[in-house]
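Here subunit A shows up in two complexes: once beside subunit B, once beside subunit C.
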Partner chain A sequence: MTGWLLFGAFVLTNALIYGILALGLNTQYGLAGQANFGFVALFAAGAFATTLAVLPPPDSPEYVGTYEIGFGLPWGAALLVAAATAGGVALLMGLVCLRLGGHYLAMVTFAMAQVFASFLANEEWITKGQFGISPVPQPLRDQVDEASTYIYLYLGLAAVVTLVAYILAERAGRSPFGRVLRGIREDEVAARTLGKAAGAFKLKAFVLGGVLAGLAGAVWVGSIGAVHVGQFIPVVTFNVWLAVLLGGVGNNRGVLLGALLLVLIRESTRFLEGVPFLADLAASNASFLPSLRYVIIGLALILVVRFAPQGVLPERLRKRVQPDLTADESAPVEPVQVKA
Partner chain B sequence: MDYFLQTIVYGLATGAVISVAAVGLTLSFGVTGFINFSYGEILTVAAYTTYALTQAGMALPLAALIAIFMGGVVTFLVARGFFEPLRDRGPLALLITGVGVAFVIQSLVQMAFGGSPKPFPLPLMTPWQIGEVYIPKLQVIILVLAIVCMIAVHALLRYTLMGRTMRAAASNDALAKLSGLNTRRIIGGTWLVSGLIAGLGGVLLASSQGNMSPTLGFNFLLVVFAAAMLGGIGQPYGAMLGALVIGLGIEFGAAYVSADYSQALAFGVLIVVLLVRPSGFLGKPSLATAGGAS
Partner chain C sequence: MNALLEVREVRKAFGGVKAVNGATFTVAPGSITGLIGPNGAGKTTTFDLISGRTACDGGTVQFDGKNVTGNPIHKLSCAGLVRTFQIPRAFQRMTAWENLLFSGTNHPGEGFWAGLISTGSSRRREKEVAAQADEVLTFLEIDHIANLSAGSLSGGQRKLLELGRALMRDPKLIMLDEPFAGVAPALTGKIAQKLVELREQGMTIVLVEHDLETVMRLVDHLVVMHMGAVLVAGDPSVVRTDERVLEAYLGGAHV
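Presenting the complex of A and B:
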């Protein structure tokens, strides 16, 4: 029984981490309409920044002799460092990419994430490359003795950070800033005509998305107490996309729910080992079940886009007009009814 | 100096492989207007089909031909089943669907063949030697096949009815429809041709690398895209030129700068091109006028 509870806490913590990521991507895409296909780079930036911030410096008594860079900062400060670093990477990414649109933005952000990944893989003095960095001190780990109790404690910590991220994303979305962004998303030319500096607004939303991804990176490192470049592959980006699309583009509660659904879908594939026929196949091919997991993720992406583009909780706009975000931009839009 | 010439030889061969793949990608972009994210997976499918057929005892050339055909058929079916129902849904729906298809195909290949690299079944060939420069026979064969492919694409676009209708659809879809062209059939044909070229690209890529893994094509997609972009996306001749530049760039980057960053260098080129000259080297002619006016 406790085994199941622990497993549940572990799954929920993962769902919260993906939830923070989904809030970040939702700010970039759902609110500002900027399709970032290199989102994982921001997550990685946050994770490595956290690691460097919390590792004990070489001259401290806690130093375990695995890594030369370490600032020994408390975890509270590390969260800020992670947010600032990922926000900074998002700023660079946005400055370079945001004037592009549609396909080009997606491909270039994807390419930038690959460049960033090869930077992380090759600059071993920062990341220790294929070896990874372990152990990374976990927050409040010395407060509890039992490893199992710590899993519950950590779930609570992750929930607090998620709440902060949710409030940040929600406040940005509901403020006049958010309304301008929605306006730019729907019709950039119209927003510009009204004197709104579309580029600056999009860039700010992009940076805010990066800040949230940085927080997610910090929570991720703390949850496992280790970091490795192999954790930040392009698949992560598309997992976050699936969470956002599943939950409902533009709806912050929706994308949190989407993240939970994503993690449940992923974890449920663990139980496929119990199916006799699949178990035989898995025994002969070690990569069989992990691959099957990706097949399911891929199918989910295809099916959600095709049959449920609004997601579980669609974006709720205050006006009665509900523009179909998935429609062709050249399609005629219904006239807005203005109340007298 | 010999090192320099040697690098040019490898750069040309790498460029040849990229150019074949880039022409297929750019052709489908020209007619359908979106970037097929699962394009790389067609290369993977062709490479593994060749591997499986030769393992079953088939001769390499015949296996490669069937693999190329497979590339065309898979692309056609994927496009009909997954892309065309979303044609009027904007770029993101198609991009995400492409990513989904890529994951499914890549993972199915991994489920069938496992994740560890498989050797590409090539016979051993001794290289020619000119002075101090070695010219591997394989690289020459790749170059020749790539040139044949380019000539075939040129002939298709320039001289055949299908090529002309493809160019018509690329330049103005609505007008082509009004003129009584069956654009659905044209688009289907374009996917088929794009897939056949991708199949050849996959066979060439796997043979130039000597082995293959399930991520073969996915990892190559950005390089191919960089070449297509550099030449001006949707423009077959631009793609050939772009591929040559990227191929030489990768090999020179690896030889003189840093092997670790040779791929990143290609993506860096892609990013700079998009920002400085988004229309690529050849702003014109597009696919619509490829092969000369007619």
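Presenting the complex of A and C:
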């Protein structure tokens, strides 16, 4: 039983990390309409920034391993460093790419993420390249003895960061600032015609999305206490996109739900071999079940696109707040149409 | 009286096509000026050049006493020159109400931090902008569409919404690109009437239009374009009988 609970806590932590990522992409794409297909680069920037920030310095007694840089900062500061670094990478990415739109933006951001991945793989003084860095000190790890208790504690920590990310994304989206971004998303030329300097707004949204991805990177590193360049491959970007599309583009609660659904579908398909009929089929073909997992995820996406194209929780229209309810009552009743 | 808008010898070529080839005209404050001409005369390109959407190859645009040639479109909008488009560019997945609020001027809450923490000045301005949007809805008689998504509106309602968005900018000059195109006849009259009311309030309007009947009744001043240049400009009653205009419109047939 405790095994299941632990597994559940671990899955939920993962869902929260994907949830923070989805909030970040939703800020860039759902709110500002900028299709970033290199989102994983921002996640990676946050993860490595966190790692370098919390690692004990090489000359300290806690030093283990072969890495070259460590600042020994507390985790609270590391979160800020991760947010700032990923925000900075997003700023550079945005400065280069954001004059492009639509498919062009998607392609160039994808390519930039690949460039960034090569950079991380080759700059071994930062990342230790293919060796990776392990162990990375985990937050509050010394507060509990049991490894299993720590998983629950960490779930709580991840939930707190998710809440902060949600509040940031939601408040930005609801503000007049967010309204300008939604207008730019709908029609950039019209937005400019109505006096809004679209370029600067898009850049700010891009940076905010990067900041959120950076937080996700920090939570990711803390959850496993290790980091490796191979964790930041394009499929992570696609998963975040899936979460946003499943949940509902432009709806922050929706994308959190989308991240949960995505992780649940992915993890639950681990148990396909327990299904008797499928187990027989899998016996003759080792790659059958792993392939079937992708089929199921793909099928889920097709079903969503077919039956709920705007996601499980679509973006809500923002209506006029009724200024005066009494005025409404005294308004003349709509005349009833009488047939001639 | 000094002209509010002075367009002098503006030129724009797309490859070998001289879309606008030295167009010159002025717009007096408080007037409705019509810009007409056969298809391909360069009317919309002229609009694009004036409003800063397209860069001029040559010539100057003076607005409100300042040289604004080549200014970016959002700066011109902030200076008080707002345009609409032939095919309305409504923010479709936003309510008509939000379309109007979007256009509010000088909103501190549009800054990232001020918006995020919702400062007092941001909330005050939001109230003012909302009150202004209410006025615009009432003036244009489109109160009933406030909470509909702009994507669900009819062509005519979108034209009115675009006009409303322009009015939210407190403009000195509104440039309307075919405000009556694709609008149901009943709504055409209403839009025309609103434009007359706006002029009475002192607004200056320039419009491109194909529907000559409506234009003739509406405008104080007519500018006829042909082959990228201004053919004739003047009082509508004089222009409509001008031989050159008839020739441009009827393809050289002499009446």
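In the analysis below, the second predicted complex is superposed on the first by the 284 of 340 C-alpha atoms of A that agree within 3 Å, B and C clash if a C-alpha of one lies under 4 Å from a C-alpha of the other, contacts with A are read in each partner's own complex, and residues count from 1 in each chain.
Keep this in mind: contacts are C-beta pairs under 8 Å (C-beta built on N, C-alpha and C of every residue); 3 or more make two chains touch, one makes a residue touch a chain.
The structure presented is a predicted model; accordingly, all values stated were derived computationally and were not measured.
Asker: Of the partners subunit B and subunit C, which touch A:204 in the superposed model: first, second, both, neither?
Answerer: The second partner, subunit C, only.
Asker: Give one of first, second, both or neither to describe whether A:96 is in contact with subunit B, with subunit C, with both, or with none.
Answerer: A:96 sits against subunit B, while subunit C stays out of touch.
Asker: For A:305, decide between first (touching subunit B), second (touching subunit C), both and neither.
Answerer: In the superposition, A:305 contacts subunit B only.
Asker: Counting residues of subunit A in contact, which comes out ahead: subunit B or subunit C?
Answerer: Looking at subunit A, the partner in contact with more of its residues is B.
Asker: Scan A:231 for contacts with subunit B and subunit C and give back first, second, both or neither.
Answerer: In the superposition, A:231 contacts neither subunit B nor subunit C.
Asker: Flag every residue of subunit B that touches subunit A in the complex, lowest number first.
Answerer: Going by the criterion above, the answer is residues 34-35, 82, 85-86, 88-93, 95-97, 99-104, 106-108, 110-111, 114-115, 222, 225-226, 229, 258, 260-261, 263-264, 267-268, 270-271, 274-275, 278.
Asker: Applying the document's contact rule, which stretches of subunit C touch subunit A when the two form their complex?
Answerer: Per the stated touch rule, the residues are 51, 53, 72-74, 77-78, 82-83, 85, 89-95, 97-99, 101-105, 107, 109-112, 114-118, 122, 125-126, 130, 134, 146-147, 149, 165-166, 168-169.
Asker: For the complex, which residues does subunit A have touching subunit C?
Answerer: For subunit A paired with subunit C, touching residues are 168, 171-172, 175-180, 182-183, 186-187, 189-198, 204, 208, 250, 315, 317-321, 323.
Asker: Touching subunit B in the complex: which residues of subunit A?
Answerer: That would be residues 35, 37, 96-97, 99-100, 102-104, 106-108, 110-112, 114-115, 118-119, 121-122, 235, 238, 241, 245, 285-288, 291-295, 297-302, 305-306, 309, 326-329, 331 of subunit A.
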